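Read through the structures below before going on.
Shared chain: subunit A. Partners: subunit B in the first complex, subunit C in the second.
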Partner chain A sequence: MRPILLSGHERALTQVKYNRDGDLIFSTAKDQHICGWFAHNGERLGTYHGHQGAIWTVDVDPTSTLLASGSADNTIRLWDVKTGKCLKTWDFPTAVKRVEFNEDGTKLLGVTEKRMGHLGTIVVLDIKVDVEAEQSDEKSLTIVCDESKATVAGWSYLSKYIIAGHEDGSISQYDAKTGDLLYNFPIHELNNPVVDLQWSQDRTYFITASKDKTAKLISAKDLEVLKTYTADTPLNSAAMTYKKDFVILGGGQAAMDVTTTSARQGKFEARFYHKIFEDEIGRVRGHFGPLNTVATDPTGKGYCSGGEDGYVRVHQFDKGYFDFMYEVERERQNRVA
Partner chain B sequence: MAPSFDHLREEDLDEEDFDVDEVDISDLREKYEVQLEQGYDTFVVIDGLPEVTEEQKPKLVKFLLKKLNTVGKTREDLIFMPMGEDGKSLRFAFVEYSSAAEAAAAVRQLDLVALDKKHTLRVNKMTDVDRYGREGRIDDEYTPPKIEPFQEKEHLRSFLADPSGRGRDQFVQYKGETVGVYWNNEKDQPDAVVERQHWTEAFVQWSPLGTYLTSVHAQGVQLWGGPSWSRQRRFPHPFVNLVAFSPDEKYIVTWSNRPISIPDEGHPALSLDDDGKNYVIWDIETSKPIRSFAQLDTPAAVDEHGVKKPQKFPWPAFKWSADSKYVARLNQGSSISVYELPRMNLLDKTAIKIEGVMDFDWAPSTPQRDGVKTYEQLFCFWTPEIGSNPAKVGLMSIPSKQIVRTLNLFSVSDAKLHWQSDAAYLCVKVDRHSKSKKSQATTLEIFRVKEKGVPVEVVDTIKDTVINFAWEPKGDRFVIITTTEPVAATAVPPKTSVSFFCPEKAKGNTVGNFKHLRTLEKKNSNAIFWSPKGRFVVIATIHNQQSSDLDFFDLDFEGEKPESDKDLTANLQLMNTADHYGVTDVEWDPSGRFVASWASSWKQQMENGYHLYDFKGEQLREEPVEKLKQLLWRPRPPTLLTKEEQKTIRKNLREYSRVFEQEDAERINSADVAVVEHRRRVLEEWYAWRAVTEEELAEEREDLGLPADPVADLLKAKTAALSLDEEEKVIEEIMEEVLEETEEIVN
Partner chain C sequence: MAATAKHNWADDVDGEEVTEDLPPPQKITNKDGSTTIIEYHYNDKDQKVKTTRRIRFITHREVVNPRVADRKTWAKFGQSAKDGAGPAADTTTVGENIIFKPSTNWRKDAKDESKDANAQAMKDKLKDKKVKCRICNGEHFTARCPYKDTMAPIGEAPAGGSQADAEDLGARDTGAGAAGAGKKGSYVPPALRSGAGASAGDRMGGSKYGERDDLATLRVTNVSEMAEENELRDMFERFGRVTRVFLAKDRDTGLAKGFAFISFADRSDAVKACAKMDGYGFKHLILRVEFAKKAQ
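Let's turn to the complex of A and B:
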């Protein structure tokens, strides 16, 4: 499993994302441009220029037509994936920390930062999945987080709920139509922010990563914690693999906490856990800074990780990975087959 | 001193709410009226004086005056000693001091002071004598004290009976604000016995036999134990810093850097006598203080730049003899005070004067010297060179105070005393300097305490400075760590060497001369941890940023012995080397089966947690523990089996181990089965949950009239749009595959 090293960024990565077909990877970093890559060989498809600040987040619609990005220049921008043209810019009073399309790409949510007298909000924009169409200026919904600011958010199945992770370690469920807060549960340790939230394929459950060194698998419907994965380092990102029941956690000591004495100190490894049994299965080394973001190929063939060190490493899984199975899993497979 | 009004206990005072004006307190007023104008506050009454005639009286007064003037000011004519009708004194005297404070000081300091061998002074305030001794104040009838009905107490040694029947050991772990006690489960997660938040404020400590767990708070010390981990004892020493137990767990010493100050309203356990004291010695059985001591003023040390170093307080300040019959404190440079338990009186009422004494240490077990039948405890001490007198190391027998052996030494810069655990040997590590004081060397002077006349053997083959020394417990081998440079505060500590010593083979029951066995050079090691049962030793590098090795050695290796060692009583073998980054502490469990090494967040912040090894150095467990502060094995009391019984066990070890091995195998098997069973269940649960969720989702979609896959149609639409735009293309891809490759060399 020799990784492909994507060295297109000059600063720390903030998010990497596969498109639905798993053939493209989009990456954002603090260096003000978005890169698109071919997943199978690491060739660069192109870059998207326009943002004037660190870019925190990126997402692509399910048909790989439109790309949305959120940045510290207080804007959300919409891009044509194919041409790299900026189609639309929405302005906000503060930085945008997270964007996500819903399951059919008709809605886009954005999480804005709490700063300068502005409370953190989650905004919803209606999108026409067409590069020619005129996009609406108006937000169709604004949710204000007056308790603790939202750090991450996402759309559940049927775009029924908006799930948000907060700075205080809690998870909220909002009605996606009205914006009403339905539930708010303290799920991670108090005041350990939830830093990542990624969905299962059908968006009925999701995985969160937190600075409290745990990642949790949570049901979208009732916010029930299904599984907990405990690591020995603060986490920055967590993703589920498709086709196989694993989760990948990324993290590592924050740069300011790392001392220079020992190379093995940082714990800059991607950790694989079994999704159902919660056991740690293996680690993949390579980065020489904390892993800021991990993403998995929706077709289940590989994963990529972006680090504080400015590199994206794309891994294709090998045969051993696909063959690996717990005895009880094999048992079940044989029974079902 | 008799209790006085000043320290009436808090609980004696009625605290109920009532209207003060309504209560008739005239009787109390009469009882406690203090008539200040009488001025009796400056008077004290001294009892316990010898009987003297009129002629002897001035002599006694003069003698007494010397003592009295140590705490305040008084004059000969202010001492009134009434004479009886027979012309002899009534053995008491009234003394007037110049102020009430001085009188109080006299009561505090002179009471129970020996005047000579036969007479002990009793000093009381005049007003107290009046208050308590006045007629009618003492009930003439004897009323027997009320005896509380017997209450069953918890079994404090229940921890020795492992519920799983495996003889596991417990350890306490203090992390963050949580203290927990656990059963060691070797490779598996330890089983929690008890876990409590905020159980202690400073640290935890086991009592030496493992009966109690000590927690330390600003208000004092608490002991916990028994199956329910209830509070067993409390010792309210405010702002206590350190705690030490006597070896038999009968007494406890508490120390606070802040002198005790008794508030006006009194203290629940301590009395006014304890005011200003730093050390308190308590009886654990009754939770009562026996005696308190103030800090000794050690002469402030001054370094070569003339800067005063902060005063150091040696700990333990009070050292216990092996059987806890005596406790002694060093008064550096002048004397050693030995106190007898349980009364805590000074042995023979006087401290043992030893000029220049620097350090002392009790024999860790009751010594058995050849030809000595009477009971004795030994301690050793050393004095530096004073003038033209050589430095001395001495062995003193208590209670006879006889010096059993002394050894004169020259050019000594420092000495350290190391007893072997059975008190069979005493090794004095002597750091010597050359005449120019430029180079240092170390010799080991080994006293063979059990042999007739206590012969001393000298090991002087060591060229370097010895920085660490440790005897094999219950054995006669030792390990030293040496370094070429003197230890200074450098960023990178110098390389060290580890040397092993053992006795030569000797005929009969004797122990041969100590010989050098092996030296391992260019190490970083700085600490020696022997197994409590001997034979195995861990040489570790702790508190080191660069390296953190743990070397596990066997000194009775059963394999082939090198020819060069054939006359020696050891066969050294390195069994394993482990690495534990950032390790700060290492401790063997009391059975000698396991070694725990841990990185405490008190000492460094990185990778706090512990490793568990077996005695061979094979790692069993590794657990990172956030903010781990302490990890301490629970000690065990000595075995109750006789020597014969232990021998029988050793003889039948094979039988026992077969049974145990079978049990282990079964347990592991059943554990494996349990794990598989658990996984199977978890897997089923997961798929069941998925099935339900998927079904619900499908239903919901249908109800909303949405397609089963939200994206499929979109993708189809997009593909359709694309193919409208462009002509259909045929993409041909040529794959080449090398099936075989052969190389032929054509001549």
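Let's turn to the complex of A and C:
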């Protein structure tokens, strides 16, 4: 496969995201704009300007009309995907590290940083999925994380729970209506922060990536660990592929140690694991720095990764990828056929 | 005003070029459907340059969701507002080709012998064999033999004289004759080494690789270049468990080169497959199937 290199940012990437139809990619970096791209040829649709600080996170609603972003300038902004216009700004006391729309795009959660005497919080905003509509200023819910600050969070199926990953390596489940803490389990090793959390297509389970060099597949209902994928390097991101049962892990040496290691040792490769068998089945190299974020195409045709090197690499899988099957899978298929 | 001035200037330049006698660009449609475009221009050194390009347009049709199709018509904005249609060269480039083929044993150094069917078959075969020293017939490797320095291998001993002789004259070894030279003297290529010992040594060196190939690997030739590994696998799986299918492919075009290797878990299956598949018609070509020869 020939990857498409997108060089729309001057600084390290922080998040990449596909829209629901898999035709647009949004990327954020530590410079101050968001880029929107067409996934099929890497053409840039446009840039979204307005933030005054590093942008940590981006998400697009399921209909691809609204884009939300969270930044180190202590704001969440809402954008019109089509024109690049900023529609709304919400101010917070600290930086926003993660935003995510729920399944129907009517709610947006934001994770705020713990800093300057403010505790880390998870806030929920009500969104009207309409470019013209006046968005409400009020937060419909605020969850305060007094134990350990939340680093990532997301909506479960039917927007029933909010799942959060914490700095101490634990995962917690909150009731999305009341904000009550239902469970908190120490799932990753103590004090190894959970750095990414991405959902399966039906949002009944999710994958987490942690600095403890593992990624785990966890059910949303009871936070049961279903699978564990062990890597040899601290991870920054984990995603599940659609159509094929694989997971992609991205990571590498921490950015501050990079200059002391060669590209080969730095382990700057996307690692593919089989979702069910937990075996590593291949790697894709290419980045010159650690992979900060990976995202998979909801149509299952490709994936993209954003690195500390400032590039987004978009890959379209080729035939060998789709043909790959375990012996048992092939035998089963032959039996059925 | 500035804009119009600029425009005039550009017009001037164009006008100048027209006055030079450059032949007009030509477009020729070839019989095979491709188009030849011939253009002329001047390079930096005022030399006339003729550019001939042969282009074949291939229309790739993809049915997409109407929402997606609509989004492709959107106007660009922000820093891309001035970009034309199609990817802009400053933000989008195509990387080098990456070969990514998922496989369970992609890690070359992490070979797990116990899971490999071939290794298991090999182990079973060697289960009731014993290690035998070529010097003293004891139950150890020849290299570990306590008499290694004092005795020649059993078959060769007489050539260098009596055994006692060899024992006494360790230091005079170089002068001891042909057999002695094989032991400590200058290098003798395997082909020139004498007798049974040589062929045994030969076998030992190449055994691991050779045995595996010998065991149950078929070489299939005259394979269509459209063939796929999966099709071969399906064809040969009828005869028994296939552990490996290797279809040689051209690096650039991805087309098959015309030969393939099929390894079976069991040699009897391979024999059956060899008998049945030799002469089988596959994609308009007659397959030739034989047992793979050992690598030289």
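Going forward, the second predicted complex is superposed on the first by the 326 of 337 C-alpha atoms of A that agree within 3 Å, B and C clash if a C-alpha of one lies under 4 Å from a C-alpha of the other, contacts with A are read in each partner's own complex, and residues count from 1 in each chain.
As a working rule, contacts are C-beta pairs under 8 Å (C-beta built on N, C-alpha and C of every residue); 3 or more make two chains touch, one makes a residue touch a chain.
Not measured: the values here are computed from a predicted model.
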Ask   = Does the subunit A-based superposition show subunit B and subunit C clashing or fitting?
value = clash
Remark   = Comparing subunit B and subunit C in the superposed model, the one touching more of subunit A is C
Request  = Scan A:Asp202 for contacts with subunit B and subunit C and give back first, second, both or neither.
outcome  = first
Message = Just to be sure I read the superposition right, which of the two partners does A:Leu158 touch: subunit B = first, subunit C = second, or both, or neither?
response = first
Message = Touch test for A:Thr47: subunit B only (first), subunit C only (second), both, or neither?
response = second
Message = So in the superposed three-chain picture, is A:Tyr326 touching just subunit B, just subunit C, both, or none of them (first/second/both/neither)?
response = both
Request  = Could you look at A:Gly117 and tell me whether it touches subunit B, subunit C, both or neither (first, second, both, neither)?
outcome  = neither
Key: First (subunit B), second (subunit C), both or neither touched by A:Leu226   = first
Message = Applying the document's definition of touch, where does A:Glu280 land relative to subunit B and subunit C: first, second, both, or neither?
response = second
Inquiry  = In the superposed model, only one of 45-53, 135-143 or 261-269 in subunit C has C-alpha atoms clashing with subunit B. Which one?
reply    = 135-143
Note = In subunit A, both subunit B and subunit C touch residues 326
Note = In the complex, subunit A touches subunit C at residues 1-8, 21, 23-24, 33, 37-38, 41-49, 64, 82-84, 246, 272, 279-286, 313, 315, 317-318, 320-321, 323-324, 326, 334
Inquiry  = Quick check: in the complex, which residue numbers of subunit A touch subunit B?
reply    = 20, 62-63, 65, 103-105, 129, 157-158, 202, 204-205, 219, 221, 226, 232, 259, 261-262, 264-265, 276-277, 326-329, 331-332
Key: Contact set on subunit B toward subunit A in their complex   = 545-546, 581, 606-607, 624, 676, 679-680, 682-683, 686-687, 689, 693-694, 696-697, 700-701, 704, 706, 710-711, 714-715, 718
Ask   = Which residues of subunit C touch subunit A in their complex?
value = 64-65, 67-68, 71-72, 74, 76-81, 83, 86-88, 90-98, 100-104, 106-107, 230, 237
